[in-house]
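Shared between the two complexes below is chain A, which pairs with chain B and chain C, respectively.
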Partner chain A sequence: MSLLLKNKEGDKRLLMGNEAIARGAIEAGLAVATGYPGTPSSEIIENLSRISRQAGIYVEWSVNEKVAAEAAAAASFAGLRSLCVMKQNGVNVASDFLLHLAESGTRGGMVLVPCDDPGALSSVNEGDARFFARMLEVPLLEPGDFQEAKDMTRWAFALSEEIRNFVVLRSVTRLSHASGMVSLGKIPRGRTQAQFRHAGALLDPESGPMISCLPGAPQFTHRRQQDKIRTAREIFETSPFNYYEGPRRPEVLIVASSICSLYSREAIAMLGKAGKKCGLLKMGTTWPLPEKFLQKHLSSAEKIVFVEEVLPFLEENVLMLAGRWTRGKGPKSYYGKNSGTLPSYGEMNPDLIAEALGKVLAVRRRPVRPESFAAKAGAFADNAAPRRELTFCPGCPHRASFWSIHSALKLDGREGFVCGDIGCYTLAAFPTGFNSLRTVHSMGSGAGLAGGFGRLRAFGLRQPILAVCGDSTFFHAAVPALINAVHHQADLTMVILDNRGTAMTGFQPHPGLPVNAMQESAPPVEIENICRGIGVETEIRDPFDLKGTRDALLSFLEKKEGARVLILRQACSLSPEKKKKNSFKVRVDENACRGERCGCNRLCTRIFRCPGLYWDNRKQVARIDDVVCAGCGVCASICPAGAILKEDAV
Partner chain B sequence: MNIFGPKELMEDVILAGRCTGCGACVDICPYFGSHMGKTAMLFPCTIARGRCFASCPRAEVDLDLLSEKTFGAPYAEVPVGSHRKIFVSRSGARIGNANYQAGGTVSALLSFVLEKGIIDAAVLVDRQEGLPRPRRITEPQEVLSCASSSFAAVPVISELNRAVRDGYRRIGTVATPCQAVAAALIRINPLNEDEFINPLSFIIGLFCTWALDLRSMTALFSGRGLDLRSVIRCDVPPPPAEKFEIVTGGGKHDIPLQEVRDLTSPACAWCPDMTSEFADVSVGMLEGSAGKNILIIRTPFGEEIAEKAREERYIVLDEIPPEQLRNLERAAAAKKRRALLKLKKEGLLNTAGKGKRACFRLRPEILEKLIG
Partner chain C sequence: MKPGLKNPFNLIVTGVGGQGNVLASRILGNMLALGGFQITIGETFGASQRGGSVMSHIRISPGSTWSPQIPKGCADAIVALEPAEGVRVLSDYGHDKVCFISNTRPVYPAGVIAGGAVYPPIEEIRSGVLSLVPDALFIDATEEAIKLGRPILGNIVMIGALAATRLLPLDRKKFRVAADKFAGSDSLDYNLKAFDAGRRLFQTAMSRRSRPAYPVTRRS
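Showing the complex of A and B:
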């Protein structure tokens, strides 16, 4: 049985932060969980989807985050408890709906879990989703450890029902993906009957319709929403998730939230004697801030240091309150990102905090930058692992796709370019994808930007325009952009890199597949049917057929007007159906290999650079690394000497 | 010869606009490709001395050395290049009538060398959906389907490179002047490779004054509502017609010649060669007499082939009228002078100094005579 369903109260288990959040939701009597995959958030929905049948919950990988939020809100309107999970940039996608939802309010407890990625370890941004809580005027919780991840999630549902609005519980990579001991709570029995009551009076929160704001009348719903946030503030004044540890009158008071409270504890220990002068105010409820609680603790010290990831959210909100306290309390010294004491980019770590505290306490310490931590880790890793740049996996269809895309654009010779999108194939901005991507922004933006470029012919733009997106990204946000391009007669070629799943985040299903999150069969929505349905000339190719792919692209690029779609379909080499099942046994004929000589110059190991190939320096020939090779056989078609041979694998 | 690598080829030829799209650097390796008549580098290559540079007709071509190895004498100062004889020619009784440009001499000679097994394959230009493309043929009966001028930059030498890779070692080609220089360079084993076998048996050169790149040609045709796929052949009738004739399935269409000249590949302005001086034999139109060619015989082997083809009635040879010869020499000299002056002005002839590279090298006294 899954750990998430073990019903022994008080049992201590090692849980990953994301498992702890899932367990907290189960302990709260969760009914519906929705989300869109994205690191570091994906394991929450994944774990819930695995136990969906046993737990009697409905779990959905939605087409995008906005739809996920809407599905979760519907459950709440029907009186059920619902969870909606996404990575930080997903909140941007969902925010339009969330702004309206915050005003209509909710019924069954609804918790929104955005997982931020400080340091952009698996993202192309390090957005700080906490600012949404303030903008949307909803409560924000930041668990500081793994036990809190579970406990605060469970509590968030109760809080949501108490104030009749959704609650944001924010995690970060190092909380979501690290593990810690968690004491389990009780799982409730029974099931709530879903019923959407809508026949009551217009503004009746129990039985009226759910409408965000009456036009021109914010005094009703908006004012009601602000009453809720005031109630939350009152509740937070006594929340056990905010607490102080340290001397009664510290020289320096650290105010920290989320995983930074753990780092701060470590930094204090690192400072030894000087650390004894520091106190830690650990904040779990960070919007709205409990003013009285903060005032009480801040008055105990003259120097205040804020430690948080990534932007100075807590810092600025405390300073805003502090502006009201100056009379009678006297000014204090505040240190944080605004003072330049700590950086407002990248991840936090104990070294950085210790250095900052050293400065504030005037204790001499060796200076540390965010990069130096990575350098230290890198130096350690260098001894243990070979140096390797960002690369597509062996057998990755994207390498083959971008080989053809790059070749076609070079042959076309008119300085065409590719607007990139979000997925493993974002790596094509780097040498592994032959530096093909020339723009990369948010999901679906490749198609949107390409559509914009594609309408600039009136201003003399003559370059061919390509957009790429993955299959999941296509459904998520590229469809409206493609429709827009068709309707406005933009000139572009859209390449859909269909690797049969949301591969980068772990093969979560999407609407194009015949299965849903709960592993039930589901009707697939075919990408080609959508494209043809909106009037786009659509071709489907296997990217492993390099010549066919290149020729199809060249012929599309030669057509000057309108939008076209090329679907390059080949499953990811790590996908469950393909992994460890090599199609070919590949080997190099040493005598035929031209190596560094004219006519080849190590094309396979210098340019193509699949990790399954390596250069034998002693014998001056290319070789296949049988352990790494995925047996796709594509390298056999790039070898100019026919020296790479593939045979059907037995 | 000074031979460099792909980096210098990119700088001196492709990026400098000197590339004729002949295809010499295409398909000897994976790094260069050709599309719509234009050559492109697909991936970076770091080799210091490469076959791409060595066979390029626009990079460090030592005309004296190439002449020496092809004709046994340094570059000649005669306007039509080294030659043994010049005839008026046409196809003979052994060859039927086809879609010939002028006299059908090229098709007749090709049929002859293929039928006699003197060559095992020929690379030339064909049309595919109206677009001129390189094609390899191995059977005499395929010759006639390719018998028309394209007026386009077609990477014929890339097909030669593919034929070599496929194992052909007695290849014939029908080449424009730039392609004939590339073929002549390939013949002389410029890199002194040990495993080298001369793959070229017979080079038929074509007279050429300019060529269009395929995108310009496509735009020209579609701008006039002509479907490229229906094009059967193109022709430039002798002066004073001043027109470009396009024969399609739907009939004949004329375009003012100046409009076509404006779309000429800029690389043609650097070309000093009108008559394919490095071929075994060269063939062109005889002005004023439809149905006849001029045939320039250059190498002893070219002479032997022409003689045998005449004996076996593949071609018919006549003396060239002196006035026609003068016209030919005048036109060839004018093109040569124009191009050499431009090359000299831009510092691309006999360029000296460290790191400086030339387009052509030839003895200064000959150069002076040619541009004087």
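Showing the complex of A and C:
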């Protein structure tokens, strides 16, 4: 049985942060979970979807984050407990609805979990979703370790029901994707009956309609919302998730939240004797801030250091309160991002914090290893460990697609360009995709930008315009942009890289597939039907057919007016259906390989760059690495000398 | 529980996306948790499927939760599924007394395949590392796994080798339990074979040594 359902109270298990959050929701009696995949958040919904049947819960990968939030809110309106999960960028998408939801309030406990990615380890930005909690005027929780990830999630549902509004529980990559020990709690039995009560008085929170705001009358709903946040502040004053550890009168008081509290504790230990002068105020409830609690602790020290990721959210909110406390308390020195003591971009780590504390305490840290080792090892690594850029996987359909796009644009010769989007294919901004993408922004923005460029004919823009997006991204946010392009007669060719799943984040299903998150069969919504339905000329090709793809692209590029769609359909090489099933056995004919000798410029290894190919320096020929090659056979059509041979794999 | 283990003991497993780095760290973490240790694992694997560097930081403690990032220069053991990644981690987190065990099989970065960057011959890597860490060990984990018919099990061979150092309480029984959780039932057998092969490779490598290197004494 899945660890998430083991009903052994008190058992201690090694859980990933995302598993701990999922378990916390199960311990809270979760009924409905929705989300849109995005690193580092995806494993929460994935884990829940795996146990959906046994646990009797409904789990959905929604078409996008806004719809996910709406689905979760509906469950809450019907009295059920619901969870809504997304990565930081997803909150931007959902925020329109959330701003309304915050005002109408909720019924069954509803918890919104954004997982931020400080350092943008697997994102295109490092947005700090905490600011939404303040803007939306809803409570914000930040678990500081794995146990808290579970316990705070469970508690968040109760808090949500107490104040009748949703609660934001913010995780970060280093919590979501890290693992630690969690002692399990009880899983409740029984099921809540869903019922939406709507016949009561307009403003009755129990049985009235759920309407966000009465026009021109914020004194009702908006004021009620602010009463809720005041209640939350009172509750937070005594929350066990905020606590202090350290000497009674520390020289330096560190105020930290989320995973930074673990880093800070470690940094204090790293400072040895000097560290004994530091205290750690670990904050778990970071909006609204418990003022009396903070005031009490801040009065114990003269120097305050804020440690958090990414922006100075905690710092500025504490400073705002501190402005009211100055009388009789004497001035303090505040250190953090505003003072330049710590950076307001990128991840934190124990080293950064120890260094900052050292500066504030005016002590120098003893080096942890001989300086000579560091210098020598560093120099050696510069030589022996070449940089590892990200590449498409061996056998990835995107490499083939961009090969065709790249060569079609070159043949066309009018400086055409590609507006990119979010997915594995974002890597096509780099050499692995022949530097094809010239714009990359948020999901669906490739089509939107291309549509904008496509209307600049009147201003003399003559370059052909392409947009690419993946299958999941198409459904998520590209459809409105495509409709807009059609209606406004923008000139563009949209290429949909349909690799049959949300590959980047681990093959979560989307509306185009015949299954849903719970692995039940579901009616697929066909991309081509949507495109043709809105009147776009649509063709479908297999990107592994390089010639067919290029010809289709060239003929589209020639037509100068209006929008066209080319669907390049081929499953991701890591997809479960393909993994370990090579279509071809591929090898290089040493005698035919021209290599550096006569001008193919080592097209296969230097330009096409599939990791399944490598260059044998001794023999000066290309070779296939059988351990790596996925047997797609595409490189056989790349080689101008016909030196790469493929035969059907048995 | 092993008495006298440094608190925390800092273990790094590193490699390249697709080598089973994350799985290896999960198995190790679970084996140690079975031994009663408090484990924290920090991972960078967001881009792991697409050929990037992957690294897991495993903190092993008798009773406290440590941060998911090991401070620079503070690794106690480094297990490299890929030699160049081992070198990279050694430079950031290592020191001359670190326990360093590396696979010998390179995974070439795209820039090397394309011809711009150079990947030095494994002999050069080996001698460079030995000049930094005299007790470093290199074993042919992938070759051994290929012999078993499952090249992907190079990661398990490496776990076997680490277990054989006896730096950490990683016995075969715990491996069986932990591997059973993650590997499909049909592959448990292969996993055990790979684990044993790793232990054997370690022993062979040690018997060729002029002086016994393990258990090494580590700085506290």
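Keep this in mind: the second predicted complex is superposed on the first by the 626 of 650 C-alpha atoms of A that agree within 3 Å, B and C clash if a C-alpha of one lies under 4 Å from a C-alpha of the other, contacts with A are read in each partner's own complex, and residues count from 1 in each chain.
Keep this in mind: a contact is a pair of C-beta atoms (placed from the backbone, for glycine too) under 8 Å apart; a residue touches a chain by one contact, two chains touch by 3 or more.
Every value quoted in this text rests on a predicted model; they were computed, and no experiment measured them.
*Asks:* If we overlay the two complexes on their shared chain A, which of chain B and chain C does A:Met86 touch? Say first, second, both or neither.
*Replies:* Neither: A:Met86 stays clear of chain B and chain C.
*Asks:* Examine A:Ile259 and indicate which partner it touches, taking first as chain B and second as chain C; both and neither are also allowed.
*Replies:* It touches chain C, and chain B stays clear.
*Asks:* Is A:Ala563 touching the first partner chain B, the second partner chain C, both, or neither of them?
*Replies:* Touch partners of A:Ala563: none, neither chain B nor chain C.
*Asks:* Is A:Val627 in contact with chain B, with chain C, with both, or with neither (first, second, both, neither)?
*Replies:* second
*Asks:* Per the contact definition in the header, classify A:Leu603: touching chain B only (first), chain C only (second), both, or neither.
*Replies:* first
*Asks:* Does chain B (first) or chain C (second) touch A:Asp412, or do both, or does neither?
*Replies:* It touches chain B, and chain C stays clear.
*Asks:* May I ask you to decide whether A:Val360 touches chain B, chain C, both, or neither, giving the answer as first, second, both or neither?
*Replies:* In the superposition, A:Val360 contacts neither chain B nor chain C.
*Asks:* Tell me which of chain B and chain C touches more residues of chain A.
*Replies:* Partner with more touched residues of chain A: C.
*Asks:* In the superposed view, which residues of chain A touch chain B and also chain C?
*Replies:* After superposing on chain A, chain A residues 607 contact both chain B and chain C.
*Asks:* Across the complex, what residues on chain A touch chain C?
*Replies:* Of all residues in chain A, those touching chain C are 12-14, 39-40, 117, 121-123, 145-147, 173-175, 177-181, 259, 262-263, 265-266, 270, 349-351, 354, 367-370, 373-374, 376-378, 380-381, 383-393, 424, 427, 431-432, 574, 602, 605-607, 609, 611, 613-615, 627-628.
*Asks:* Using the touch definition from the top, list the residues of chain B that touch chain A in their complex.
*Replies:* Result: residues 28-31, 33-36, 38, 40-47, 49-51, 191 of chain B touch chain A.
*Asks:* Enumerate the contact residues on chain A facing chain B in the complex.
*Replies:* For chain A paired with chain B, touching residues are 406-407, 410-413, 434, 554, 558, 596, 598-601, 603, 607, 638, 640.
*Asks:* So in the complex, the part of chain C that touches chain A is made up of which residues?
*Replies:* Per the touch definition, chain C meets chain A at residues 16, 18, 26, 29-30, 33, 38-47, 49-53, 65-69, 71-74, 84-85, 87-88, 90-91, 94-96, 107-115, 117-120, 124-125, 128-129, 131-132, 142, 146, 151.
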